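These notes are about the structure you will find just below.
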């Protein structure tokens, strides 16, 4: 069990967002960083590595983009909601494209099946924060 | 002198973008990661740290977002132009907000003056890639 | 629940290490990245920020070092055990120093109490991998 | 030209290390992050990708470890010299192993030739900081 929600709730200045949704998105991002990093590495070791190139490349990008999304979401105090929005939009794109590619290999490689599932979950967790009314209102205030 | 352009030009599959502009954006991102990381750390050691909080926080986020932009731009082979666009949009936002804050402290702290200048340069280098006609065409093809 | 152990076990080439211990260390690292990132940001927003400088600085470094440890541990296929050892040694140091500093503020700030606890847990999970006999044997083979 | 030395010299609390050497190591690390990230991606697109697996994997790890070394070196104010030492030792190992592997492919792939050269330069720049007498003295004081 992560300590994400607990540490977010201990902040003296909080996001005016649902902290349970934010914590869920952070945890989903780290799970996605691990599975994308491992899936990329494990695909590289498969016999048919030539068929796995796009999977390897997309997983590698996805891991980096999710890691930055998790960090930006973890900084409430002086965080910029427009930046949160943009980094989450990058994250949703990376997860969606990566999930689609991994799903093609899911029958042959268990790691791709796991990775596709985790990417989809991360995409959804990020969309939940992005689609919250609170974010739209904050963005309007921030002029973004 | 960095080896960025040289390594990008050695790729078997290249971005259909101006590689000099891409290399300039990558180098500007890393320069921004260093100055934001250092400016954040140095602001923390200033006597009036309380006045520097927003600067510290924005620099920290900016360093992470620029680092991911640089990595995404460095991966041409199976790169997704829609992801490039979104990560660059996040980067432009982070740099712009950070530059504005650092500029307020530029008279009193030399590190903020340097950081504001480097953030502006990074913002511009990223905008140049974002605004290229080639990116718009590629995005249309990618359906993004 | 993370998918870390599941994805590690799906690898065609595995670490000759206890994968449950490796997975526990990866998960502990990400938990530490989140709490250190958030604790650093939350300390910045405290009234007595001047007293929190060292905490902020150590947490920031700890987050970066743990993130890289988690990534290196997630790549089994052609991973270098000597590098694993060195990155884990850096991680153990970062966690230990950060835990000590956060513990000093634990009475006044709940986020420091959480962060100190998570840093200690991460330090221990990494030590468990470092101290495994299997790692010593592999290192001897790798000449490190 | 990077602004690394300029921002390091603007710090109110400085490393008791030669800042020109530190700045050179930071710049060498970022150059290595770019070339390793690009070399990994470009190797993935080569026809004989199966022969490039180890190169891809080692470059990917090297990029992460160098990025963390650059960040740790950029934070002087409350930096821990024992952590600097350990992260640089990880970095030296990652660069050395990666350079050796890339050198094997240097005749066939220009990106591997560039990457091997940049890894060697980074290894040397980090060793220069590691071997400085000042670091040994500071470490003794820090009890590391």
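In this document, chain identifiers A, B, C and D correspond to the written order of the chains, with residue numbering beginning at 1 in each.
One rule holds for everything that comes next: contacts are C-beta pairs under 8 Å (C-beta built on N, C-alpha and C of every residue); 3 or more make two chains touch, one makes a residue touch a chain.
Here the structure is a predicted model, which means the values were calculated and not measured.
Undergrad: Which chain pair is joined by more contacting C-beta pairs, A-D or A-C?
TA: When A-D is set beside A-C, the one with more contacts is A-C.
Undergrad: Quick one: report the Å distance separating chain A from chain C, using the average Cα coordinate of each chain.
TA: So the centroids are 20 Å from each other.
Undergrad: So the centre of each chain is just the mean of its C-alpha atoms; given that, what is the distance between chain A and chain D in Å?
TA: Here the centre of chain D sits 27 Å away from the centre of chain A.
Undergrad: By residue number and range, which residues of chain C touch two or more other chains?
TA: If we look for residues of chain C contacting two or more partner chains, we find 41, 44-45, 53, 57, 60, 67, 71, 75, 77-79.
Undergrad: What topology does the chain contact graph adopt: line, ring, star, complete, or other?
TA: If you draw each chain as a dot and join those that touch, every dot ends up joined to every other.
Undergrad: In the complex formed with chain D, which residues of chain A make contact?
TA: 40-41, 44-45, 49-50, 53, 56-57, 60
Undergrad: Could you please specify the touching residues of chain D with respect to chain C in the complex?
TA: By the definition above, chain D touches chain C via 53-54, 57-58, 60-61, 64-65, 67-68, 71-72, 75, 77-80, 82-83, 86-87, 89-90, 93-94, 97, 144.
Undergrad: Could you pull out which chain B residues touch chain D in their complex?
TA: Going by the criterion above, the answer is residues 2-4, 6-8, 10-13, 26-27, 30-31, 33-35, 37-39, 41-42, 44-46, 63, 67, 70-71, 74-79, 109-111, 114-115, 117-118.
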